[in-house]
Amino acid sequence: MQIVANIIVLTSLYALVASGYVLVYKVSRVLNLAHGELMILGAYLLVATSAGITSDPLIAIALTAVFSIIVGLSVYLLLMREMTGQPVLAAVLTTVALGILLRGAMVLIWGPQQLNVASMLSFENASVVLTDSIRVSTASLWLVICTVVVYLGLLAFLHMSRWGMRMRASGQNPLLAAQRGINLHTVYALAWTLSTFSGSIAGVLVALDSRLDVNMAVIGLKAFPAALVGGLDSLHGALIGAGVIAVLEVLLIHYVNPLLSDVVPFLVLIAILIVRPWGLFGTKEELNRV
Amino acid sequence: MFDLELKDIELHFGGLVVLNRVSLGVRSGELLALIGPNGAGKTSIFNCISGIYRPTGQINFLGTSLIGKKPSAIAELGIGRTFQHAELIPRMNARENLLVARHNHVKSTLVEQWLRLPSARREEADHLAVVNDVLDLLSLSHLAHLPVGGLPFGIQKIIGFGRALVADPKILLMDEPSAGLTQEEREELAYHIDSAKNRLGIPMLWIEHDMEMVSAIADRIHVLDYGRSIGDGPPSEVLEDPEVIRAYLGTTQIAQAVDTAAAPLEKG
Amino acid sequence: MTDILEITDLEVTYQRSILALHGVNLRVAKGQITSLLGANGAGKSTTLRAISGFIGLDNARVNAGRVRFLGEDITGLQLPRTIHKGIVLVPERDKVFTNLTVAENLEVVATSREEGSKWQQIEEEIFVYFPRLAKLRNKPAGLLSGGERQMLAIGGALVCRPQLLLIDELSLGLAPVIVDEIIERLREVHAKTELSMLLVEQSAAVAFALASYGFVLENGKVELEGATEDLRSNQKVLDLYLGTGSTGRADYLANARRRFEERANV
Amino acid sequence: ADDEVVIGLSAALSGGAAGTYAAPAEGLKLYIDRLNEAGGINGKTVSLVIYDDQGDASRAASNGKRFLTQDDVQLIISVSTSATFAPLISQATRQGVPILFAGSVCPAETMPPAEPLLYCSTGFSSVHDSIAMVDYLRELDGDATVGFAAMGIPISRAGMEEAERIVLGADMKSAGIEIAPPGTADYTPFATKLIQNGAEAVLAWSPWSVQIRFFDALRKQGWEGNAFVGHLAEAELEMMEIKDPGLYTVGSNAMIFEDSKATQDLVAAVTESGVDLHPEAIVDGWLGGIVIEEVLGKLGDDTSAEAINAVMSDIEIDTRGLRGGSIKWTENNHFRETIYYRVYRWSDETGAMEIARDWKAYEVE
Amino acid sequence: MSNTETGIGKIAPVRAVAKGDGGNRTAWMGLIVLLALVPLVASPFHLDIASQIFIAAIGALALMVLTGIAGQISLGHGGLMAAGAFTTGILYKETGAGIWITLPASVVAGAVIGLIFGLPSLRLRGVYLAMSTLALHFVVIYLGGEYEFASGASTGIFLDPPVIFGYELYDGQAWYYALFLLVAGTYWGCSNLLNSKTGRAWEALHANETAAEALGVQVARYKLLAFVITSGIASFSGALFAYYQSFVSVEAFTLFMSIQYIAMIIIGGMGSLTGALLGAIFVTLVPYCIEWLMETVPYLGLDISTASSASHAAFGLLMILFLVFEPSGLIGIWKRTVARFSSQSKKEGVQ
């Protein structure tokens, strides 16, 4: 039974991270390969706030949320905005470069050592007994709750608000969106902000649950197949994709060979994509019509 | 007998019936115009012939059935085609774009190409000569070295026409080749189409909205309306057919505008 | 009669080096339909896009000249600010959001404040102009035919409440019967709202059927202008855009052959 | 010049493994700087050329080439991941330049029968640590079923396989080896598996971050057994933060909290230098410095690589209280003849770190 | 329409505009002579950097053909190089095979892997394809790791210098010339291919698969061909890497490596073989340049590990600046410079 709990926690983690990929991809067709680093940056921001501004964990977390929004906005305004109109591949590479820059900068500021964020915040990551055979840590419980809330919020936003509709429209045809009076920069900035925000939540919770060092940015990479299996522009697809990958990973670890848990998700990803090239729920991109 | 014959072609996309039991045929040396409103399924017919769409029914070309064949295999049979949106390779120049269409005529092997052996070089020069001829013919030589991506759409369409010619096709399918051309260019295109037909004696299938051009050079017209055939015959007959007028030509306000110099709008 | 739009000596380059317009001068009178004719690559689309504003996507730039809208200098103003001023463009290609439904295509444009009933009313208005669209309301726009897309695009543009509507290639690739319908609809709209329009056309016939004044663009410059009646009788226009050359009615092959011969003789 | 010895240091100063290796590398530099300031050893000064390899093999390869072709070093020191070993070894041995692993894991090639040019002074070593861990575990609780936690890199897997072999050979039960691939997001599933397999004690030998996350994941599921991990650079600071008496480190370096003469000297040196370093983390680098000092002290006029190698292949180095006993290298053994292990843990009673078992000697065969 | 009529059969072969070898023959010859003289003056360290550039250049050329020309994005490049290195390493370790066996075997292994991992490209595009090639990386690394572990080579597999016609390829100069020849050969072969039916078919399917297919290009076959050929080359460069560095280990082939190769072709300029070379030079040199700057610029009070994280960050920053301010890549700068000069000289000619 513990396995089921493990799967749910891992699903939440991957889903929360994947939602960041989806948001940015949906509006700009850019795959943000710096998402893992931005996620970890969120956790480092928590370290900075709690060390420098306030020692109250709740206020520190709230401030971190605000900072992460500022980070997302600045990444767009200072960097990705410049890439509007460039080929998508160049934009993707820019995010790679951003990732390299952030990694270097984070080590420069916070050092290469692993940090124990929970103890810095005096957050006791107690083990919560759910049933006799199921225990999860407090932070993982929060992770699951946050993921649910973030997903409900994002889904409502995208499908029920007009800004959500604008994000979908801009993703499909940016030039026309601009010609219809939609401010692309607003839409993009919104996507980057939301994406960084949700990523930071994931980063903070992961750091609270285990430790924090820059290497943890690779979680971004592991959430990748999750975002893709579902379809890169589908939010609920990302949720299901995260589930698929998490199930695979946990079962492989438990019953087969843990070393395959790196390889198999990608192979499954290929298998699924071969059947459905745009992911389980992604929009079928327009075939070349001639 | 028909060189190319379509029988009872049906095509669906999801619930949408795009082609509904369409039958038509083209003889050698014949220019058949395919007309019909937007969305009637004209381009879809081309895509069925090219093997891009998979319809039910029969398509036979010079005795071979095209149904179930891959597009490249069909192209190899000698079916040349132009596209509604030109579909050139933007980074390449006109000459290279035309060379692409010689694809099936190139015999040199990968190794010969890789090492640029004399045999490959000689062959390349031959193909280049064919391409240069066509460029000359279409008065495109002066543009041949420019990347086509930056050329006006109209010129791209003419290059697209050249690309279809250069493949030595046994049949030519042209999808709105005149859209985007000026009157002058249209007249020249009409001339090229007509002379290619006479010179090569191959069947040609031609989608067109310019009725004047159609009546000037088409041998026969086939009319589609929302996936159905509603007329087939010589231009003089078809263009007078009341059903065709109702479904496609309309009451020709445009003709009025030209012929009777209709009064400008009241306002202003 | 006041001009809603006035362009003087407009120069536009693409990619910092390709000069697409060099010194275009044109005006659109308030409440009137004006046409802009020209061959391929003459710079018609570029002119419209320069008026409605470029975005970073296309590496285009206004180098010199002025664009004045309602007396105000809007040269180089970017999208979407031009829209807020009241200039809306229906582009040449890719004119609808294929992943949104017809209704969403109209709705996405509206400002956030226009909620509920007000929005309903706007939508109905568009469906009155284009009854065909009403039936397609919940269909993804990607499934519409060319003519339907054109109507939806015009509808979407109208929702933006333009004071000046720019339409690029109104009749490109549309069947005559559809062109007729669209002309009819635009006339209705114009009759009701006195909306000023600038139409770009290849087909002089269509342009003349709608517009009362016209400009002819050649190689990035205005070569000719005048009231529609005058243009219609202008020999050059007849030759170039109406195909009613010396033979009176288009004789495609003969005209072409004649030109080839002339060229060969030079 | 003959009065200068050029030593190349390739270290993971940045990148993923810097947490373990940057500090010892800095410590080594600090030691050498002090030596030079004091006028060098035996009239010779050391010129230390430092290149970052980020723990990455390709970078280490070009560092190696650079040391050998540009800087003409007489000795190479590695303070980096095992990924960087192969390129350094393959180049240096061909040119006859010795390599000292001082902070890097000790490669098997330094142990008997040792490769001629490879030496190791590091205080941890996957196989020997495993032996000591199992030995201590048996003292503590000989009936325990033991689980093993490794990381998916060869050196860590090799260590844990060896440990499992010893455990099985000692008639203890194994709960299996869990190997977490690099970049694992969540160690809980691995911990679940160990717990469900009935692990009562867990041995781990891998980068510190991995050992400790394994341990965290076990505790989060309410596991109450003892865990035994390698004593890496980060260990002391982290254990004082975790405060879990069930977490034991097994290694051969002394910890700073002991406040012995040796550690006091070290702390004083660091404080004096004004460099922002944790003394706890630099012990291996410091010892590397001591090794160099001793080797150069024995070096005659000939400062060539061969001469240095000759000295190194037969030397006994006093570890000055930072280790139990000395490091003795012979022709056949470039690791040490006897290795002394100490076990540390947090004590709830005293509210401080404690030595769970003092130096115990293990012969190296 | 037949060529005999017009007699224009003897026109010089077209020079590709897109791939632009950008310059005339004499310029190229001059460059080659210059490069051949380099080892006479360069230090061993500089020769080592040059050799690294050459190895990178071969890999970058392959990726440029696959991604820049045929339009198939691949993130598995590092994995392919690993495949080549491991093929060579394993063959050498297990059988002691020489370079005449290991290198061809590596090419074949790469080609086979390319074929297998090219198959998804028949269905997938863009980032989806990129991700599926990422799987290649993980699979190869997994298998390589298992081999290393199983064979007890936990520090990696060591290779002795290759022996060619009895001559041991070891010192920097010999490697320089050998790699230089191989780069030139690869460039020449690729450029021949691009100016032939095959290269045009790749460009065509890159622009529009459906249209290309209707023009008679067997899209599936040519896509796979692109994967097979470029994977063979990439694998070859991986084997060279192994020989040059005299070792093989999974840890040498990181994902970051694949990203660096993508960076090379973008920074160099998409679609241009010369761009691939420029990109390889740039990406290989940048870390050294940053390091050099940090050493020469008055000491900023950085301790060594701070300095190296700073250089890491600086690399990212530099890449960003490049992408933002010079999106057409180095080849764009090059072409602009050439254009400026030639237009200037033209103007002067008129005056």
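Read from first to last, the chains carry the letters A, B, C, D and E; within each, the first residue is number 1.
The definition used in the following text is that a contact is a pair of C-beta atoms (placed from the backbone, for glycine too) under 8 Å apart; a residue touches a chain by one contact, two chains touch by 3 or more.
Which chain is which protein? Per UniProt: A = Branched-chain amino acid transport system permease protein; C = Branched-chain amino acid transport system ATP-binding protein.
It should be emphasised that the depicted structure is a prediction, and the values quoted were computed from it without experimental measurement.
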Touching both subunit D and subunit E (chains): A
Label of the chain whose CA centroid is most distant from the centroid of subunit B: D
Relative to subunit C, chain with the most remote C-alpha centre: D
Between the pairs A-D and B-C, the one where more C-beta pairs touch: B-C
Whole-Å separation of chain centres (CA-atom averages), subunit B against subunit D: 74
Chain centre separation in whole Å, for subunit E relative to subunit C (CA means): 47
Whole-Å separation of chain centres (CA-atom averages), subunit A against subunit C: 43
Distance between the centres, which are taken as Cα means, of subunit E and subunit B, whole angstrom: 41
Junction residues of subunit E, two or more chains touched: 145, 208, 210-211, 214, 305, 309, 311-312
Contacts with 2+ other chains: residues of subunit A: 104, 107, 112, 221, 259, 262, 290
Residue numbers of subunit C (touch at least two other chains): none
In the complex with subunit C, residue positions of subunit A that touch it: 84-85, 162-163, 165-166, 168-169, 171-184, 283, 286
Parts of subunit E lying in touch with subunit A, wherever the complex brings them together: 73, 120, 123-128, 131-132, 134-135, 138-139, 142, 145-146, 208-211, 214, 255, 259, 262-263, 266, 270, 305-306, 309-317, 319-320, 323-324, 327
Contact set on subunit B toward subunit E in their complex: 50-52, 70-72, 74-76, 81, 83, 87-93, 95-96, 99-104, 106, 108, 110, 113-116, 120-121, 124-126, 128-130, 132-134, 136-137, 145-147, 163, 165, 167, 199
Residue numbers on subunit D that touch subunit A, as the complex places them: 14, 16, 18-19, 22, 152, 178-190, 192-193, 195-196, 208-209, 212-213, 216-217, 219-222, 234, 238, 241-242
In the complex, subunit A residues that touch subunit D: 2-3, 6, 9-10, 13-14, 104, 107, 112-114, 116, 119, 125, 127, 129, 135-137, 140, 206, 209-211, 213-216, 218-219, 221-223, 249-250, 253-254, 258-259, 261-262
